[in-house]
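Take a look at these structures.
Next, two complexes with chain A in common: one pairs it with chain B, the other with chain C.
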Partner chain A sequence: MLGQYATTLTFIALGAIFAYSFYAVLIAGQLSLGQAGFASLAAFSGAYLAPSGDDVGDVAALLIAVAIGMSVGAIGAVVLGLPTMHLRGVFLAIATLGFAEAVRVVLLNQEWTGGAQGLGVPRVLTVGMAWTALALVAYWFWRMGRSRYGRALEAIREDELAARSMGIDVGRHRLAAFVTAGAVAGLYGVLYAYYVRLIAPNDFDFVAAVEGLVTAVVGGSTMFLGPLLGSGFQTIVPEIQRAVGVEAGWIRPFLAGLLLLVVILFLPGGLASLLPRRTRMPSGAADDDDTTGLAGRRHPAAGEPVITLAGLGKEYGGVHAVRGVDLEIRAGEVVGLIGPNGAGKTTLVNMISGLVPPSSGSATVLGTAIGSTPVHRIAAAGVSRTFQHSKLFNRLSALENVLVGAHLVSRPTFLRRLLWLPSARRDERAALRQAARCLERVGLTDLAASRAEALSYGDQRRLEIARALASDPSLLILDEPAAGMNHVEAGRLSELIRSLALDGLTILFIEHNVGMVLQTCTRVVVLNFGEVIASGTPDQVAADPAVIEAYLGSADDDADGGPLAGSPRAGATAAGAEAAPPDAVANLRPGAAGTLDTPDSTPRDAT
Partner chain B sequence: MQQLLNGIFIGSIYALFAIGFTLVFGILDRLNLAHPAVFAASAFVGIELVERGGLSLWAALPIVFVFGAVLGLVIERVAFRPLKNRPDAHFAGLISSIALAGMLIAVLQWRYGPDTRRFPPGSFPDTRYEVFGAQVTLVQVVILVVSLALMVGLTYMVTRTRLGRGMRAVAENPTAARVLGVNVDRVTAVTFAISSALGAVAGVLFAINVNTAQLGMGAAIELKGLAVIIVGGMGSLPGALIGGLLLGLAEVFAVQYIGSSWVNVIAFGLLFVILLLRPQGLLGARKVREV
Partner chain C sequence: MRTKLHTVAAAGAAALLLASCGSGESGGGGDSAASGGLTGEGSGESCTIEGEVPLGAVLSLTGAAASYGESQQRGLELAAGELAEQDGVTYDLTIEDDQTDPRQAITLFEQFVSDGASLIIGPTLSNAAVQADPIAQEAGVPVLGISNTAAGVTEIGDYIFRDSLTEQAVIPQTIAQATEQFGLEDVVVMYSNDDAFTESGYEAFAAALEEEGVTVSETITFSKSDTDFRALLTQAQESDPDALVVSALIEAAVPLVTQARELGIDVPIIGGNGFNNPTLMADAGEAAEGVVVGAAWNSSSDNPENQAFLEAYEAEYGAQPDQFAAQAYTGLKLVDQAVRANCSAERDSIQEALGQIEDVPTVLGEFSIDENRDADHPAVVQVVENGAFAVLE
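Here is the complex of A and B:
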């Protein structure tokens, strides 16, 4: 029975392996079409360089060819990956596609590949071997899914910037994913060569690459079984059509296209979304304080400087968003940063967390000089932050979001998970406990299994705080954490912030809810037009005439139609209204100083 | 000189094809991989119009333009609109447009069979001109004029008209455009229609230029189109024009001096160099991601 279907089954396995090479990068949000090029290079070099089966035995020859092919694929991925890793989305897809085409044309013009005639290769691969190889590849991705490395890749796919801020070295992770894809594509190329008997460069053309991508996406690019399902679908549909007697040349591609369209339109997660997805819940009590298995952190003692800014400035095309800010924040302080819209608050914290390089001045945060230090290094130094507009990993559960937040304090588990070492399990448990503790702290334990995008707005903000806390930071930066919260929620948030401060955390937060800032902070810093206009205890600042003028505006401002005077919001917040109205009131006037706040950007990158 | 002119003729077709491609990408941030299928379909339809309908080449062009626009509307409706709120709309749109392209090509195969088709003999006027000692046919001149006219018209529309303003607003920020009263769905549909109409005309002109139409002609130009829009700068209309002409010239000269088997490396060599040195393309603007 098997014999009858051997060819079909082998092609399902081969197709799935090729689809895994796409899955390997899709999981990290990269769209690469270069896999056909890696497979082609691997197939030809493997088949050409491996010793003949007559000398060493067929299987040994195949294994040697596989080793050569996978190395060639991986090396090819490094060579292509290093210059192209900064490309995103469609750009990366087209660049890698260009690489694959170049490989095809070059191989076509070589003597040793046989050119368009192709290269003869003995058929060694059997159904069993193909499925063994597939099982190994699937096993690799299965064990990767729940490891720290796998989570980091998913985080990069969902939101690269937030992933960076969690301390994930995005460049290295993306390159690793790319190299994995190259090696798997190499494996496919060699296995394919040892099955079809004759390989030609045109077997690995654009159509082949698109087929691999389609297989991976149809199967589902977020679940490790996806490529297998996709390949089964893609291989079996024509077989079924043949079996039921659909013969006319055009009907088969038409129906295949139609089915593909139906799957992509009505099954957003691909075929794999038909399978139930197990959501993991923290096991054991969240309140136990067992931190074994987590990397320890050294926090600065109370009173040591955490942030030191000297003449820090940022200029956007002649507009000074932040100008000559000198500021020192010491461990244990809770500093509120307030100021009208466009005062440069977000720009300032973006510089402190390393997202935006300053254009003048210098700054040291937890012993790290900012400027050219990448974001993930600053995060590793102990800085953790939330964003003005929630940047959660939307398709991950609340718990997984916080687990990613624990990236810096948990240990890598992927390789140990491949070998089922018990220590990996222990470390994963420790990370889970840490995540559960953080969720409990913000009161989201019950929603741990919900997808982040399904949470209410207020819960999303709290989830961001939990995620930021998970890395056990020394400095926590909150960008408008109470925006959109009602006064009960804002009150609870204020309590949470004070309790965190009691644990020794240094906190810097931007907030428009002045009432809340005054009752939460030990110190308030007021920014206006990029400059610090006041700094001191809440009482001093509340009484400062410069602050009152900045918020309420003076008679002159009124005459000018200045942005602050005209904004209903400035008055409302100064009066201590509970919740700040949603942004954008002051942002509608181009040219006014009020537009310096980072605009709400629609992410345009490929997910 | 002859080579230079040939390069310009073929380059102008590449440019027309690529402009349709880049229009959708620049405004809607979607790569429509059904575009090459429109290119192929319109070539067949154009031949049929001339062959069976007895129309002259020039009368067929506007009809094909409309045909392409209708196809564009269908593509938008079927392959893109249902996906617009999905987080993976990028990938999903690629795949759904590939699926639709496959169906379209299958229908072509049903209607016209798998063989190469040609215009009936005698459909081309024989008029020839001498330009600086090079031979130019009237057909080639028309190809160039039609391509340029369409591109100029498109540029005018995008930069000067109300519809074009809507398009640019959607390109900047679809949400804000909607809030400000732009009918985003309509602008999207119209963009697809125009893009496909240009692709369709490019398809017929290409078929006229080489006097053949094949099922695979779309796939062949697809890669070049992608290279052109990257080289010119994603979403940049003049960039696509320059990129297309550049590619046409480079190919013609490559055939002459390096050998025809290396022609496809030219496009991708150019592409690679540009991506490494100037990722935003020759005329593209770099999009900075905000926090």
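Here is the complex of A and C:
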């Protein structure tokens, strides 16, 4: 019974392999149409260069051609990828389409390819071989899915900037994904050639590229079975139409197009979204303090300088967002950065975390000079941050978000996962435990399996903190972490921050909730019009007339309560914090943290 | 482990899905072939075959080659209608669309082979024929190409036949006659190099021109999707040729001819098979006058088969047939001839009888299948006169 459907099954397998070459980059958020070019180059060079089946045996000839084709595809991807990897979205699509078109035209005009009439190739591929190849490709992407590398690609797709801030080298990962796409497309090209007997450059034209892309998207580009489902769908639809007797002619492509529309409209995640997705939660992992399997980090000892800014400035077309900021933050400090809207607070922390290069001055963060250092290097030095507007990986679960946060402290597992090495499993479990601990710390354990985008606003803010904590940072930068929180939540957040400080973490945070800042920080820095107008203990700053005039906006000179009462949001928090003096860090008892901030007994290597 | 099971389950479900949607298609033709109902008694017109003779046709009804496939479908259906009125043999002709996609052509060939078709007609394009015909050859199912003109198609094996003259058969005759008629000394050759059909047409032109001793002062290539040829034509004009020799599909032929005349190029334009289409006169109008086209089918031939065909086609579809329709119509008639010759629709019997077709009067003229299983019948060189093809004499 299989024999009757051998052709259909073979084309499903071939279509799926081609779709995987699109999946390989779609999973990293890249829209490329160059795979047709890679497949074409691979098919022609493989078929042309491989020895004849008469000399070495058919299967050997096919395997040699596959090796040649995959190498050619991968090399083509490097050559195309290096200059185009900085392009995004539709620009990358156009550039890669241009490449595929150029390949087609060049091959058309070559003597050895047979031009438009094509190159004859013996049929060697059987349905079994096609499905074996497909199984290997699918296996590759399946094992990639839950590896550190696979998560990093997904993170890049969801939010590239946040991925960089988690220490992911986006350029390298994108290129790696692109090369994978090239190799898989090459595999497809060669297998296709050895099945259809005749290949012409026009077999790999724009239409073919779009078809591969559509197959991947219809199947679902976020789940490894997607391309297979997509190819099954695309290949079987004409078969079904034939079987039920839809008359040959325009009506069939019309119905197929309509069906495609329906799938995309009602299953935006592709056919794969019909399959349930599970999120694993390590059982009792959070109770386990075992940190083996995590890369160790060296944290600066208390009092060592963490951030040193000298005359740091940023200018946007004549507007001085930040100017001449001199600031030193030492390990163990909790520094609050306050100031009116537009004072340059976010610009300042963006410079510190490497997102924005300064226009003047110099800065050293954890021994790394900022300016030309890429964001992921600064993250690797131990800087972790949250964003003013949540930049979560929306389609990933809360747990996966935090796992990406643990990128820097976990070990690469993909290649070992391919081989089922137990050490990879151990390392993955270690990363899971780390993530679970961080989730527990912010009180999100119960929501670990929820998609980030489905969380409430406050939970999203907390998830961002958990994600930032997962990299075991030396410096944590929080950009308005309490924005949108009610006073109870803000109070808990304050307690969390203090408990983190107790662990020796250096924290720099921007917050408009002045009460919370005064209550949480060891030092407060006030910015106005890009300049530091005050810096000191919460008491000193709250009493500073310049600060009151510029920001706190109250003439009441009651140093303790006055400025706080002036802010509606701060008032409530301050009321809840009466028991603790503003510089409460010293007074904090671990027990006071409640469920939210169980003190982390993780040994932090301070030496 | 749970993930693994999950994967296995999904794959199993996919396999089940495949099995269930395929199961409806089997049986049918295969059964009748097995029961031996395809051999009858008598011969020729008196032949009577009990069972229905299953025939498959793979045409490009949608996609890039749809315009050819539609003509072919009309030709086949017209012939099938006429055959249905004859007693003795009943044909069950299934026309399928390959969407101008070789993968579909391969799938359809496999399907017809396993469904027990006595013979497969098609596919429309030569490249699809190279990819799909080997399947029929390996299974011992005769194939009759009705529009494949590329060299090498029938070399695939002894079950592959065609009733379409190759470019190599038509073009030398065209060039020889045009050279004689117009005294050609030097010409400019233009062709689209990204299409298998036009490229092989070009090769035939180049060989024929060399044979006739005509100088090619320039060879200009373009893409089959081009529609603006003014720059290329100006370039051609510079070498002041005696004629333009063009190998292009009809989509490019119409604008090329129109623009050439606009630019004042009034030398003869000699076209390949792609020009052999009533659309040329319909769309290019005046500009088409004087275009010389070599053809396998003489549309103005007054042989009785052709006259009857023209009349029946016009009555059925209200339009003029083109060469694709004529060759398709002829093809099915030839199949009937072959089946009746041995009064058997068994695959091997049809294969044997097709190979022996000789001097059969058809729409295309006196028709024979040569020892290479290619068509052998007079070609014709036509020239457009007063909006219609006339024989160049």
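In the analysis below, the second predicted complex is superposed on the first by the 549 of 607 C-alpha atoms of A that agree within 3 Å, B and C clash if a C-alpha of one lies under 4 Å from a C-alpha of the other, contacts with A are read in each partner's own complex, and residues count from 1 in each chain.
Here, contacts are C-beta pairs under 8 Å (C-beta built on N, C-alpha and C of every residue); 3 or more make two chains touch, one makes a residue touch a chain.
Predicted, not measured: the structure shown is a model, and the values here were computed from it.
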Touched partner set for A:Ser450, first chain B, second chain C, both or neither: neither
Which superposed partner A:Leu108 touches (first chain B, second chain C, both, neither): both
Touching partner for A:Leu31 - first (chain B), second (chain C), both, neither: first
A:Leu161 touches, of chain B and chain C: first, second, both or neither? first
First (chain B), second (chain C), both or neither touched by A:Pro238: second
Touched partner set for A:Val217, first chain B, second chain C, both or neither: first
Partner chain in contact with A:Ser273 - chain B first, chain C second, else both or neither: neither
Chain B versus chain C as contact partner of A:Gly249, first or second or both or neither: both
Which superposed partner A:Asp203 touches (first chain B, second chain C, both, neither): second
When both partners are placed on the shared chain, which of chain B and chain C touches more of chain A: B
Overlap of chain C and chain B interfaces on chain A (superposed complexes): 105, 108-109, 248-250, 252-253
Chain A to chain B touching residues, read off their complex: 26, 31, 83-84, 86-87, 89-91, 94-95, 97-99, 101-102, 104-106, 108-109, 161, 206-207, 210, 213-214, 217-218, 221, 248-254, 256-258, 260-261, 264-265, 268, 346, 350, 355-356, 387-388, 394-395, 453, 598-599, 601-607
Contact footprint of chain C on chain A as seen in their complex: 1, 3-9, 11, 105, 108-109, 115-118, 120, 123, 142, 196-198, 200-203, 225, 228-229, 232, 236, 238-240, 242-244, 248-250, 252-253, 275
Residues on chain C engaged by chain A in the complex (per definition of touch): 3, 7, 10, 14, 17-19, 21-22, 24-26, 59, 61-62, 95-97, 99, 102-104, 106-107, 110-111, 114, 127, 130-131, 134, 150, 193-196, 198-200
Chain A-touching residues of chain B, taken from the complex the two chains share: 25, 29, 31, 78-79, 82-83, 86-88, 90-92, 94-96, 98-103, 105-107, 109-110, 114, 173-175, 219, 222-223, 226-227, 230, 234, 261-262, 264-265, 267-269, 271-272, 275-276, 279, 287, 289-291
